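What follows is a set of notes on a single structure, which appears directly below.
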Amino acid sequence: MNDTLQQYIEKLNGLDIKNMYNNDFFLTWDKTDDEIMAVFTIADALRNLRERNISTRIFDSGLGISIFRDNSTRTRFSFASACNLLGLAVQDLDEKKSQIAHGETVRETANMVSFMADVIGIRDDMYIGKGHTYQKLVADSVTQGYEDGILEQKPTLVNLQCDIDHPTQCMADMEEIIHYFGGVENLKGKKLAMSWAYSPSYGKPLSVPQGVIGLMTRFGMDVVLAHPEGYDVFPEVEEIARKNAEKSGGSFTKTGSMAEAFRDADIVYPKSWAPFAAMEKRTDLYAKGDFDGIDALEKELLKQNAEHQDWSCTEELMKTTRDGKALYLHCLPADISGVSCEKGEVDASVFDRYLKPLYKEASYKPYIIAAMIFLAKVKNPQKLLKELEEGNKLRWRQ
Amino acid sequence: MNDTLQQYIEKLNGLDIKNMYNNDFFLTWDKTDDEIMAVFTIADALRNLRERNISTRIFDSGLGISIFRDNSTRTRFSFASACNLLGLAVQDLDEKKSQIAHGETVRETANMVSFMADVIGIRDDMYIGKGHTYQKLVADSVTQGYEDGILEQKPTLVNLQCDIDHPTQCMADMEEIIHYFGGVENLKGKKLAMSWAYSPSYGKPLSVPQGVIGLMTRFGMDVVLAHPEGYDVFPEVEEIARKNAEKSGGSFTKTGSMAEAFRDADIVYPKSWAPFAAMEKRTDLYAKGDFDGIDALEKELLKQNAEHQDWSCTEELMKTTRDGKALYLHCLPADISGVSCEKGEVDASVFDRYLKPLYKEASYKPYIIAAMIFLAKVKNPQKLLKELEEGNKLRWRQ
Amino acid sequence: MNDTLQQYIEKLNGLDIKNMYNNDFFLTWDKTDDEIMAVFTIADALRNLRERNISTRIFDSGLGISIFRDNSTRTRFSFASACNLLGLAVQDLDEKKSQIAHGETVRETANMVSFMADVIGIRDDMYIGKGHTYQKLVADSVTQGYEDGILEQKPTLVNLQCDIDHPTQCMADMEEIIHYFGGVENLKGKKLAMSWAYSPSYGKPLSVPQGVIGLMTRFGMDVVLAHPEGYDVFPEVEEIARKNAEKSGGSFTKTGSMAEAFRDADIVYPKSWAPFAAMEKRTDLYAKGDFDGIDALEKELLKQNAEHQDWSCTEELMKTTRDGKALYLHCLPADISGVSCEKGEVDASVFDRYLKPLYKEASYKPYIIAAMIFLAKVKNPQKLLKELEEGNKLRWRQ
């Protein structure tokens, strides 16, 4: 047995994960600390096996259904990679090619596409109050279908980004932090700045900043949320962050100054998002079909954004972080000043200096997704990891 | 050996299915009673194996090609599921992304996409006289390609709905009937009402009502076709239904009254379709590129439909069926009064009461498609079923 | 051991292919004669195994990424077939469904889609100076990602057509020639005419004629390039063709007469393409966003084309070839006079007479692509071919 894999298995032995079997993954704060650690550990274990060219297929056949209600490259490919790694074929539900417009219910569609679905991944992040609700409805529908004997397996729902949280992204971000600093045990007292940053585009979801403060307050770090006035996130998520921090022995604070957030920070996450109130208004306008109203709102928001062009991750600002060398994180793609726009979230020279950790950060996402599926599908993960190692089936016959 | 699987194998032993090997599936009435029963039996056997977590992959690699010339959700996913269950990867021929418009022939395209295709599934149901003809041409083209040594295997054609029949749908419907009533032997004398129903939409294919009367008259049932004046189906298919009924000891009758059809019915299938003559006219207009003519025809048809709003599967009508409890069938999605439209094919309360059997009905489709492929690809199905059971390869390592 | 497979293995034993491992395939003229012969030989070996129903999956999981920046049917399906044959699932990067427009760099996207990618196939043939450059950039990006530890494997780049070469097409064409004439050793002194032909469409890539003269001059044949004045190909590729011919003991000549090219030819490849200079101009106009200029250029080019309607592969012209029976090649789809257009590249009667060899020619492409991947992924191809034969895993359990 490979030593590193052995350590992962031993770690899992100490965690209570029995509720993950046959369950879903909506929001990180639905999960216990043990469950969150199990996802990181399984992700590492799957990566360890793959690096050693050992196949981790646990399915001989089966489907992973993806529903993307917003454009996506990296999440789409991460989901496809995770499914493939475990042996599932991806079938995309392209709502434009389907008959869904015909008026059928979510419950019906969910069951119709799931007869052989082992997992359903959904991205629905555009409208406040909608994405998470939709995901819940899909999960409830197929759970009902399973209980009624329609489906022979309960498809696991994996949240690939909703209006509230972006768990696969934020857990990949967090796994980068854990590896960068050499383990969860080294994070106590580290300062993380989740900061709004200027972007010339508009309407970016709140799920990343919310996901970050909702997850990263669990590890004893000092998490600071910084944004200009009016760019608040959901109060409920701030409340979760506060409770997490208290429990973990860290802190959660807010500031209206990017400079203050960055000062002596060990980790910085500068990223644009839309104000919560504006996103709510937009959802209402959309529901009413008031497209003139949406246009007007867009103009207003862009104007509001433009007042905060100084919220940018510049070289000057980076110098004020811990030893001038904070770990820079981003979910990508970033708005890079002078590259993708005149003035954006980050200086090109800063971004370029962090390419390797940024790409590494992204590279965890397929494994995080695969780990979420693995934990929902395998009753005794430690035993199966051992069997996979012992079976030693080559992933690739070189 | 599992008892139920043993029974399926014994049933297959009594059927003459030698002509199914290396063959296609266009229309149910091309097939003998033995062949039809073999599809139901293999579908049940594959489901039995999957329920017991035994892999039914008969392909280690290979492609299933899908061509959807009309939108589709459930048939698309059913085909994808069936292919996946047997080990094939699905490759969709999206005619918009291809160079087909360039002027190449069907024969050429069919061969070009089939070098490693084991099955081709086609949905082409929009124009009278076109869909079946196109499917035949594709099948002939690849059969020729196989005989010429271009293709190393003859791809099996599976009709995923044409202008004449919808065999995968109607066989799934029929399998629901068989299981609901506890076996084919219990169907003698049961009354089935295939009835037109009002829908505010227009131009629905005739392939479902035709497929239903063409198939369900084979089992000794009393099949009644009901529709308003002018909503006739193909006379050729009615002729088939009549002959089937005669041979099976059942009956096939027609009526202009939904109430008469529903009275004491054991099974009801209320569904909208377009009049055959109108669909022929539409095909001609389309061929001439007369889009004004098509618009005018559409308005005329919607107006004609609107005269028959009383053709709806209401609670009142359901009460007149056998013990007020006829099995309600639909291919889905249905036009539900007060849900997807103001007034439609069925009352919401009726539809909701039958959700479980409706979803179960739909759940047979992937297995029916898989069974059609299995029978075309496997010389000795009984032997292979035994080997799959004995091999006991897990579909999913839980 | 099957005799034919044994011969392929022995042939491979005599070839120096060590540089192919972990490498890419951009242009045939990057490769040595040994490497080119290895691709043909592996393609034949994979076909031999598949014909004998032996699985050639060398991957238990893994992704093949496809990027099509131009429409495609046969190349898309050939790539999908090749990936499937080796055990890879295809994931298409549809740039319209992605967030690429957002401004991210090629380096970023290339890495983001490649975490589990074993091969990337790209078609980008529309703009002079762009396609090959883009492919190189993608390959460099993922090679860097591999070296940086971001990717656990180096994805192999396969050129599915660029602005310069179309290696998978031309090698499939060449494999048809080799098999048609019974082996490479029989090609010395054979005359091949690569000729421009009239088409009523406009802007066809130069990569096919260039790929043909760049590859087929390596086998001792007399290759003639014929085109009207103004339809020159890249001078650099002509230079390669000249050097190849010299080295192989064949010849490379140019003529302004289709009749001269066809006279006594053993092989003819009449095909339309756009003039190199015009394509350069179009690229510039496109870069400037000058769409009026592009429209004007298109009209001008169509007019210029129309002056050469006599450049067509007619029955009369075919009679002047060797015994009137030259092998007719085309990459398909062809512009067929009286079929896909009034007057085009070839007479319908000529085209129809050659359907079998034309389809056979196309059928080699999946195997050529699979061979390119196989050689990049397998350190000791001969050993693995032996193991696949001995393992005798059925592709299809009949």
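Order as written gives the chain letters A, B and C; numbering starts at 1 within each chain.
By our rule, contacts are C-beta pairs under 8 Å (C-beta built on N, C-alpha and C of every residue); 3 or more make two chains touch, one makes a residue touch a chain.
Note that this is a predicted model, so its numbers are computed, not measured.
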| item | value |
| --- | --- |
| Copies chain A and chain B - rotation angle from C-alpha fit, nearest 5 degrees | 120 |
| Classification of the chain B:chain C interface as same or different, half of numbers criterion | different |
| Chain centre separation in whole Å, for chain C relative to chain B (CA means) | 41 |
| Chain A: positions in contact with at least two other chains | 89 |
| Residue numbers on chain C that touch chain B, as the complex places them | 47, 50-51, 55-57, 68, 71-74, 76-78, 80-81, 84-85, 87, 89-90, 201, 332-333, 335-336, 339-341, 355-356, 359-360, 362-363, 365-366, 393-398 |
| Residue ranges of chain A touching chain B (in the complex, touch as defined) | 58-63, 89, 91, 93, 97-100, 102-105, 107-109, 111-113, 115-116, 118, 145, 148-153, 377-379, 384, 387 |
